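Quick one: the structure is below, questions incoming.
The letters A, B and C name the chains in turn, as written, and every chain counts its residues from 1.
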C-alpha cells in the first residue's frame, strides 16, 4: 500500500515543503562553513574599535565604531548575500540535485522560495550577530566614555540602541531584496560567475538609482528623459536603507520611517521573488 | 490508437520534444512522435544509443520538461502536474546528492518532501536504508560514499515514500558486478511487490535478465517495442542441451535429423555467463559499505 | 509555432520582468517617498565638483553610493595621520575634504577648527625658527592669519548647523585664546547661550567676560536674568538629572551676583531676591 496514496490526490502549495527546502539550504550554508568568515569580521570589528581608542576621539569615537560597524555589515553582507544566493542555487543545478528534488511532488515555486528563505535566514544570522557585536562594542565604549567624559553625555546616552537594532533589521531586509534580485538573475543565468557579476552590477545600480531620479527633470531630450525615469522606477532604491549614519551622530529613526522602509523591502521581495519563480518555471533542468 | 488505461503506469501518446537552439528557430528534435505504454506491475527497459531521446523522455515523464506536442500521463495524471509525481520514485543517472547530509538525513529530507507522515517517517527511513543494505553507513556523510553506495542511497531516496512507479536511469553505470547484481536483485524484489519499474541502461545483458518488456529508441523515434522473449527469441530454432556425445553418436544424430528434414545447425559447448562466474568467485559486500 | 514561440520565451520573460518591476516601482513610490525625503533631509547636498581631483573614481562611486559617513571617517583618520606629522598643507586639505564629504558631524568642524587655530600657528612658528627666533609681531600675525582661516571655516559650518551652540563656543574660544579679543568672545558666548541645548557655562562665561571688559552692570543684569532659568533640584519627570543641576551651578551664579552687588554697591533692599 503506497504511503503517498492514490493519484487522485492533488498537491496543494505547502509552506511546510517550502520550509523543508529552506532548512536544507540553511544547513548547507552552515556545513559549508559560510559563517567562518563571520569570525574574521568579528575580530576585525573589535580590532578597529580598539584602533579608534588610540586616536582619542572622545565621544565621537562612538560614531566611528558605528560607521565602520555598519559599513562592514553592508559590505560583507552584500557580498555574502550575492555569493551565497548564487552558490546555494547553482550547486543544485550543477550537481543536478535540482533534478532529484524537482522530480518529487514539489512545486517549483516552493523550491525557489525555499532557496530564498534559506539564504534570507543565513543573512539574517549574519545581521543579527553583527548587530549584537556592534551593540556590545558601542555600549561598552559609551559606558567607559560616560565615566571619563561626563559633560559630553549631559543628556544621557548618545546612541539609540533600540534604533540600532532597527537598523540591523532594515539592513537584513535590504539584503533580502538583494537576494531576491540575485535569485532572479540565477533563474535564467547559465553560470554562477555570471550571476555573481550581474548581482554586483545591479547592486551598484540600485545604490545609484537616486541619481536617475534626481536627473530626470534636468534632461532635455524626451526619449532620454523617459529612459532615465524608467531607470528610476525599475530598480529599487537602496539608498532609502541608508539610515545607519543616524546612529553614529546620536539620532534615531521614527517608527513611521522604519515601517515604510520595511514595507518597501517586503513588497520588492515578494514581487522579485515571484518574477524569479516565473522565470524558473520554464527553465529546462 | 491506444486509449488511456488505469492499468497503465505510463501512457505516452504522440510525444514530440524540440529544443530551440537559437532565435532563428533552428530546432533539435530530441523525441519524435513517440507512443508508448508501460503496463503497471512490469519491469520495462528503455534502450537506445546516446542521444536517442531516453533522458528527454524520462524528464518529460517526471514533469521536468514540457512536451512540444503530444501527451504523457502517469497513472492517468498528466505528467506536468505536481500530483503526477506523488507515486513516482526517481534515481537519476550518476546520482549526486547533498554531500553535507548523512545517508539518514538525506533519505529523511526526501521523505518529508514526498509527504511521508512524520509518525511513519523514522521507521520508513530505517526500513528503506536497511533494504538497500546501507544501515552501517547511514550515519556517514554522503560525501564519503563510494559510487555503489551512492547508487544504493539513491535507491533508498527513490523508495522512501513507497511509490508505485520507480524510474531508474542507468542504475548500474560505474557500479561493479557485485553491486550491479544486488541492484538487479532489488529490482526483482520491487516487481514481486507489484511495483512498476522503468529502467534505462547500456548493459543489455542486465536488461535482458530483468525486464519484462523493452523499447528501443533511436534519434528520438521508437524503433521496436515488445516483451524480451518476443524480441530476442529465435522462434524457428530450439536449443537442446545434452551430455557430451562421442563423434560417432553425434554423426548418427545428424543423420536422424536429416532424415526428417531438419538440419543440425551448430554443435557448441554451452557457457555460463562471465558475470555469474565473477559473482560465484568474489565475496559479497557487508551491510553498510562496499565489498570486504 | 509552439517551438518558435519557445525560442522567444527568454525575450518575453525579460520584457515581462522589466515591465513588472517598472509597475511595482510606480506603485510603491507613495510608500517609499516620505521615507526617502527623510533620508535626503539627513544628507546635505554632495558638492562633488569641490572634491574632484582629491578623490579617486572608486571613492567617488562610494560617496555617490551612500557611504559618505564611512569615507569621511576614513579621511578623518588620514587627517590625524598627517596632523601627527605636522604637515600643514595636507592637514588643511584633508580637514576641508572631510567636511565637504560629510558636513553632518559637528566633531569634524570643531576639531578641524582647533587644528587650524591652535596647532598650525605653532607649526608655522617652529618652521620659521621657533618661539625664541620669530619676533612677537610675526607670531601675532601668524596667529591672526590662522584664526581668520579657522573663523571662516567655523562660519561655513553654520550652513549645516545653524543653531549650534558649540560652534559659537569654538568661535568665542578662537577670539579669546588666539586673538585676545575679549569683546568678540563675549558676544560669541552670548550667542552660544541663546541657542537650544546650549551648555550652561556659555552664559556664565559671557558674564565673566563682561566683567573683564569693565561692563559690570551689564554682567549683573545678565546674571539676574539667568539665575531663575537654572535648574536647582533634580526632577526626573522634567529630565533634570543630578548632572544637569551640577552643570547649571546655580549656587555659583548666585554667589557671582552677590559679588557684583558688592562691586556695584547695590543696597540690600534692591539686592536680587532669588
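A few comments on the model shown:
In this text, contacts are C-beta pairs under 8 Å (C-beta built on N, C-alpha and C of every residue); 3 or more make two chains touch, one makes a residue touch a chain.
The structure displayed is predicted, hence computed values, not measured ones.
When every chain is reduced to the mean of its C-alpha atoms, the one closest to the centre of the whole protein set is A.
Seen from the Cα centre of subunit B, the chain whose own Cα centre is farthest off is C. Separation between the centroids of subunit A and subunit B, computed from CA atoms only, is 46 Å.
Subunit B and subunit C have Cα centroids lying 79 Å from one another. A straight line joining the Cα centres of subunit A and subunit C is 34 Å long. Counting partners per residue, subunit A has 282 as the residues that reach two or more other chains. Partner subunit A is touched in their complex by these residues of subunit C: 9-10, 13, 16-18, 20-22, 24-26, 28-29, 31-32, 34-36, 38-39, 42-43, 61, 64-70, 73, 77, 80, 102, 104-105, 107, 197, 199, 239, 241, 243-244, 247.
Within the complex formed with subunit C, the subunit A residues making contact are 55, 57-58, 60, 63-64, 67-68, 70-71, 74, 150-151, 154-156, 184, 188, 204, 207-208, 210-211, 230, 232-240, 242-246, 248-249, 251, 253-254, 256-257, 260-261, 263-264, 267-268, 271-272, 275, 278-279, 282. Of all residues in subunit A, those touching subunit B in their complex are 1-5, 7, 9-11, 17, 20-21, 24, 27-28, 31-32, 95-97, 99-107, 282, 284-285. Here subunit B touches subunit A in the complex through residues 19, 59, 62-66, 74-77, 81-88, 90, 92, 94-98, 100-101, 109-110, 112-117, 120, 124, 157, 161-164, going by the rule given at the top.
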